[in-house]
């Protein structure tokens, strides 16, 4: 299903090359000041992160279709729409026959019996993260006193930000792409958000984060590092009434519930599967492995534009508990 | 909330030292042969993995309370109950004042305003994974042609299975615990399970996996490794009509949907926070950091008993799509 | 919340005098032929039923914004949009102070702390049944072999269709409105739709039917009449292998599940609360009971345009089980 | 599905002649005083209403299996269990072949492919209203300041309470049963409970009420009576700042939301389909219409014991909004 959440429920719709994409948000309380201007900052961050040769040019102008009146939310469903303008749909018929490796082309065609919209990936497109970012911007407004910040902390194996631009440029020059890691931190969280078992903070955050195309992993606090430690090394000693801990290996969560310390998690982003380099892969029409060459646009490093999407996922998850 | 799923919906209940724990499962089709015997194998695997000094002795006998008739499921809700027998509740009053580091003691007391059942962790106990394993055993019966297998692939930083026993014993001898990594693989999956966006396979699996106490991270396919690669290295070339790929970096999933290859993911398990070593941590009664010494039982390495729980999480997630 | 359903999930949005209203439908299978033309028949029926002096003129043109490609559904969320054109928002400030009796004005202002959109009733408007009708038309296409038909069977206490027009005209001439009863029948239903307890057929149908503004009651089969009978009079004797019954007092449902006979239910619709006659009611600004006169449009008999909305509610409910 | 609700979520399980029946309730806040004693009053009311020849004798003793500690709720799932003791399962094999008219026997066998538990109706039994009553008793404790009271207002067509006993006795003497009407009233409701559209108060209440076996209809306020009125007769004039109305035709609800007046609704209950009189109905084994004679127990008038079940449905519905 394409909806998520109970208290702050989002329903996402649209295709990459359709008329428009958007999101309906249910559960926004009345009286919150909100206009398209409140969404533009995050939308611009998502866009500016893009790095590629012939990247699609879209204005990404949000339009609030319902749910506000006189500049404030009404309590009724809030709908944000983005019109698709610059949609030059190339030879997607060809991709349906000759699916791109590690892309959703193959599974989409099988799952939807060939009826999926193949243009630009259709509903499987990374473009659908745009309404997610808009929903995240709305959610952030509801999280009073909580600040959320994500950034790219590794690209192509390097954790030196100075190198990031060079690494991406080199990949781009080769017609290739690179992966990276995004780290997200939330401060100002109260103790007690999250539910034991199925609505743990990690459960909801990871559920949403894996909706972002290209995400391959998530870890909270010291994450996979904790697997190599002893309890005496990993435990965070509480040092004050408020629950402050001397270390924060837990990344701000115990038993699925926020413990009042900063929440920290990292997300692994794979390199874009769409690359300009020729690839050998199966052609279902000819029944043979053949060379596939993809012309035109590709994003060389999704990890650069992913931070604001990861922030959105966290904000939407936390909005379920506030 | 303590329920999960739409098509195969589970509701978990009970406390570590209460009368009983259990699970209600809705959505089991009628006519499936099922008795307590079908649950015993997985239950025994969960138990035998335990390694610790004074580990609680429980028979872990499952009792099917509703939903079967003449040895087959009826289509009505299936309830599995486990009676708690060996519950020696120690001085949990003390733990409420002096919460264990990196344990749910502190957040549970705050979130539930001091009304939580503190005995053995109450509803936050690792014991609650027992009904999860039972639900997983039921789910596996519904996944015809699909086999699921998880195993511990690293302990305390070592990926050499020969060393595992020694590493755990050493930690135990020191009154300490160690973390580890569990890898899970499913074979026989059809193409097309999972939904784009919020009910991606990874989204549901991770949501459930983070319900398992002590899990700190999850990665699918090559996971965090993908973040260091280029697209040309990471892409899985399709080699046949069925969607078989030459490599399986994707771990069997593209666009949130199974692609017909083996599904593979890894889970990071932290060392048990309950250790015998004295720890310095805040005492809310005295208002000072003081030495905490925990007597009695502790599990030295949850990662050894976690594989069957991880399998259950996967089986329950897949049962949403079958 | 403004969404409903699990298998066929609808999310409704928009306000009476906003830019547009619409619905996102999740769970439509791929490959179903669908265009705006498929929606026009039901939309026209909803419209033509209107009877009133200065009824708003809206083209009610549906626009499928997402979820179709080459004239067929894709399996991705289907969005239908209706632009509001003819929105002359009168003095709604006045209605906020002087709420119409038996209308949502008062509760909307209180519930949403005065931030609700009061123009034309905002999100509480009967106009929001338009996307419901569109969703119903889509649902009907999925219910192969099942036909659904509702009609107005009583107006203002008369069950003689010949009198209906005269009764409505008389009310209209008096600046008043009248209530009525709608009966809905579905044929071709298989045995076994519906779940025991909370997702009984009656449970889902009634849940949806009460989303239609002005509905005050619902009864299945002989309904309230059954309360006056003995079991020997009310029981429907089964006469064939297929489950056909000699009588159909049950209205096609036993134990919450369809029994293969025609499904029949009736819905009570109150008279429109918006009338032209002066009414004495409380003015929150002056703190006194004062005369309220509503100028302009009102629909004299909702019961005339309700049948297609009732059909939509039934179709959407049944689509949860197909 | 056998669960309902989001904020106060109940999952019901068990069969009439199984080991036990019960309910898991998620969403009970911590710190509420609760013991089995709090449930006994409503349970006794449900039981004492029974009127029949050889009514099953069950102690109906509730047992709180989880979710309380030291006499208060913990915030974890609350489970209430009822053991079935007096289960003399007769010749249900016969009923599977020769299904009782207007009973769930036929649809249950078809829907569950013959694997349903037929003893005493299995999961379709009226006995399953017992955990519903227990959940209702818990919900009532959460509805501070709100009182709920239902009573039987008509039996077999008579609304004279003096006649009720005679009417039921006469039916019983004839081996027959009678229907009736239950009216429910809630006082002390704040303005603003309920959501527009799909989670209207009427939508949730009716959804739950139709989970009660034998319910055929529901009407709010003047209900079906409103269909015969004009707007000027039906409208409730507001007379005070608090929203008090001079009349209460709306039954305390406008636009799906409580308006601060008493909430009133009526429920039609059909006569028990299980009667002692011989009935002609289809025998699937012989393929002929044959005489069916049911020996033993039957409840002559469900409407007498239904009030407390209707109260439970209302309390559970309201608990979604509090």
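Going by the order they are written in, the chains are A, B, C and D; count residues from 1 in each one.
The working rule: a contact is a pair of C-beta atoms (placed from the backbone, for glycine too) under 8 Å apart; a residue touches a chain by one contact, two chains touch by 3 or more.
These numbers were taken from a predicted model, which means no experiment stands behind them.
The chain with its CA mean position farthest from that of chain C is B.
Interface of chain C with chain D: the two copies contact each other largely through the same residue positions, with over half of all numbers used appearing on both sides.
To fit its Cα atoms onto chain B, chain A must turn through 180 degrees, a value rounded to the nearest 5.
In whole angstrom, the spacing between the mean C-alpha positions of chain C and chain D is 26. The distance from the centre of chain A to the centre of chain C, each centre being the mean of the chain's C-alpha atoms, comes to 38 Å. Residues of chain A found to touch two or more other chains are 1-3, 12, 76, 111, 123, 196.
Listed in rising order, the residues of chain B touching chain C in the complex are 6, 76, 196. Considering their complex, residues 1-3, 9, 11-15, 18-22, 24, 26-27, 30-31, 65-67, 69, 72-79, 111-113, 115-117, 119, 122-123 of chain C touch chain A. Contacts from chain C toward chain D in the complex involve residues 1-4, 12, 99, 101-104, 106-108, 110-111, 123-124, 128, 154, 156-157, 171, 174, 176-181, 191-192, 195-200, 202-204, 206-211, 213, 215-241, 243, 245, 249-251, 254-259, 268-275, 277, 279-282, 284, 287, 289, 303.
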